[in-house]
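First chain written, first letter: the chains are A, B, C and D, and each begins at residue 1.
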Amino acid sequence: MANKWDDKNVTISDLQKIVMDFVRKRDWEQFHSPKNLSMAIGSEVGELMAHFRWTNSKDEENTAKECKNNLEIAHEVADIMMLLLEFTKVTEIDIAQAVKRKLEINEIRYPVDEFKGKNHKYTKKQ
Amino acid sequence: MANKWDDKNVTISDLQKIVMDFVRKRDWEQFHSPKNLSMAIGSEVGELMAHFRWTNSKDEENTAKECKNNLEIAHEVADIMMLLLEFTKVTEIDIAQAVKRKLEINEIRYPVDEFKGKNHKYTKKQ
Amino acid sequence: MANKWDDKNVTISDLQKIVMDFVRKRDWEQFHSPKNLSMAIGSEVGELMAHFRWTNSKDEENTAKECKNNLEIAHEVADIMMLLLEFTKVTEIDIAQAVKRKLEINEIRYPVDEFKGKNHKYTKKQ
Amino acid sequence: MANKWDDKNVTISDLQKIVMDFVRKRDWEQFHSPKNLSMAIGSEVGELMAHFRWTNSKDEENTAKECKNNLEIAHEVADIMMLLLEFTKVTEIDIAQAVKRKLEINEIRYPVDEFKGKNHKYTKKQ
């Protein structure tokens, strides 16, 4: 278990456990199919995007600082993370391994020589 | 650092580090504002949802098993995780702390007595 | 112009005009780039999906009737439509022609003989 | 019926009819619940947003022109429109009336005097 509860100390499984405890205590797993969970993530990302939709380039400098202190944004990040942890629990996907594999694929797809500093325009990455 | 690279051993910071190394080597941070990252998460979740959109109740039993072996779904989960890790790096949000705080709020908002086994109908939770 | 203002009488251009009048009177076009508009549509669809995310098959029979009388759902549909009309105005896309062309492509891609009654599983249609 | 098939001549009902004919010929209505349709719109908007996610302010001037000639973007707009038309058919929402009512609400919520030229920051509009 973690000493201090922060990103440096908490494993993905640690975080997943407190989420699943919450869900199970309420007997909510019956409603939380992979389909429903993916839809919930879609809703929460919609909420997150709502913070940025009308900003333009003049605003961009301040945006990162504003986000840092914006509790609503932290809540939306938390929601997305919790739903993703539940999704991967139900579908038995190991997030750390999935990320590592995807980065290996991306290393080949986006060689540094070719893509450094470039706005990699694409519509569908994979 | 992790012994075995999996959810049991990898911390959120460990995972964030390999993502940020990838991005920085390619000098892509300039394109990755919080706004753009949130939009990218929206796109990736769209990809994830596409796997489930026409399924109906007859399919639901098999869905979790199917997801487990579906490489595309694992890729989309990885994409969402990587973008979220970058978003929280740029906005200096600690995911573990954000999730813990959100669960504390939800403990109060959804007391077990009242919400156990209930399909909590709501349009916007927070 | 339409006699009665409803779907039977109102053309896409009629509807687009009242939306653009609203936007222009407020001098909001400067914030409404194609990027921002697509992001706003993403947010609004997130709102729409939130109504359905935890429903399961037992609920499906009643859902269509419930939607009919749900003002919030009508508002979200309106928001999505208005943003789409603005997006197509800015990008000079004719919606009627775009839909006709896409259906022609889909006629060939999904021949009736082969696809009738089938849950056409796919991740990306086009 | 429309003389020329374009936004100036085609009513919302005209467009809805050709979409519903396509769906019914394939006996697909059984899969197209309001929930599934909202999820499909979410997926398609994800596709649309993917075109813009890494663009920054230097690109914005060209974006509207690029969109105009981009067939993929026209296809995604068509998909969103078709799904929205089906959603409103199933839920018996009249789009023209819904938009008119929403604009009436917005006229009051965003008086011209107060909101002209202002980037109306908000997370949840309604």
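In the analysis below, a contact is a pair of C-beta atoms (placed from the backbone, for glycine too) under 8 Å apart; a residue touches a chain by one contact, two chains touch by 3 or more.
If you're wondering where the values come from, they're calculated on a predicted model, not measured in any experiment.
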Please tell me whether A-D or A-C has the greater number of C-beta pairs in contact. A-C
Using residue numbers, check each pair in A-B, B-C or A-C against B-D and return the one sharing over half of the contact pairs. A-C
Using mean C-alpha positions as chain centres, tell me how far chain C is from chain D in Å, no decimals. 3
Whole-Å gap separating chain A and chain C, where each centre is the average of the chain's CA atoms: 27
Within chain B, the set of residues that touch 2 or more other chains is 30-31, 33, 35, 39, 42, 45-47, 49-52, 54-56, 60, 72, 119-120, 124
What does chain C use to touch chain A in their complex? 30-33, 36, 39-40, 42-47, 49-50, 52-56, 124
Could you pull out which chain A residues touch chain D in their complex? 35, 39, 42, 47, 50-51, 54-57, 59-60, 72, 119-124
With touch defined as at the start, can you tell me which chain A residues reach chain B in the complex? 2, 5-16, 18-19, 22, 25-28, 30-31, 33-35, 38-39, 41-42, 45-49, 51-52, 55, 60, 63-64, 67-68, 72-75, 77-82, 84, 87-88, 90-103, 105-107, 110, 112, 115-117, 119-120, 125-126
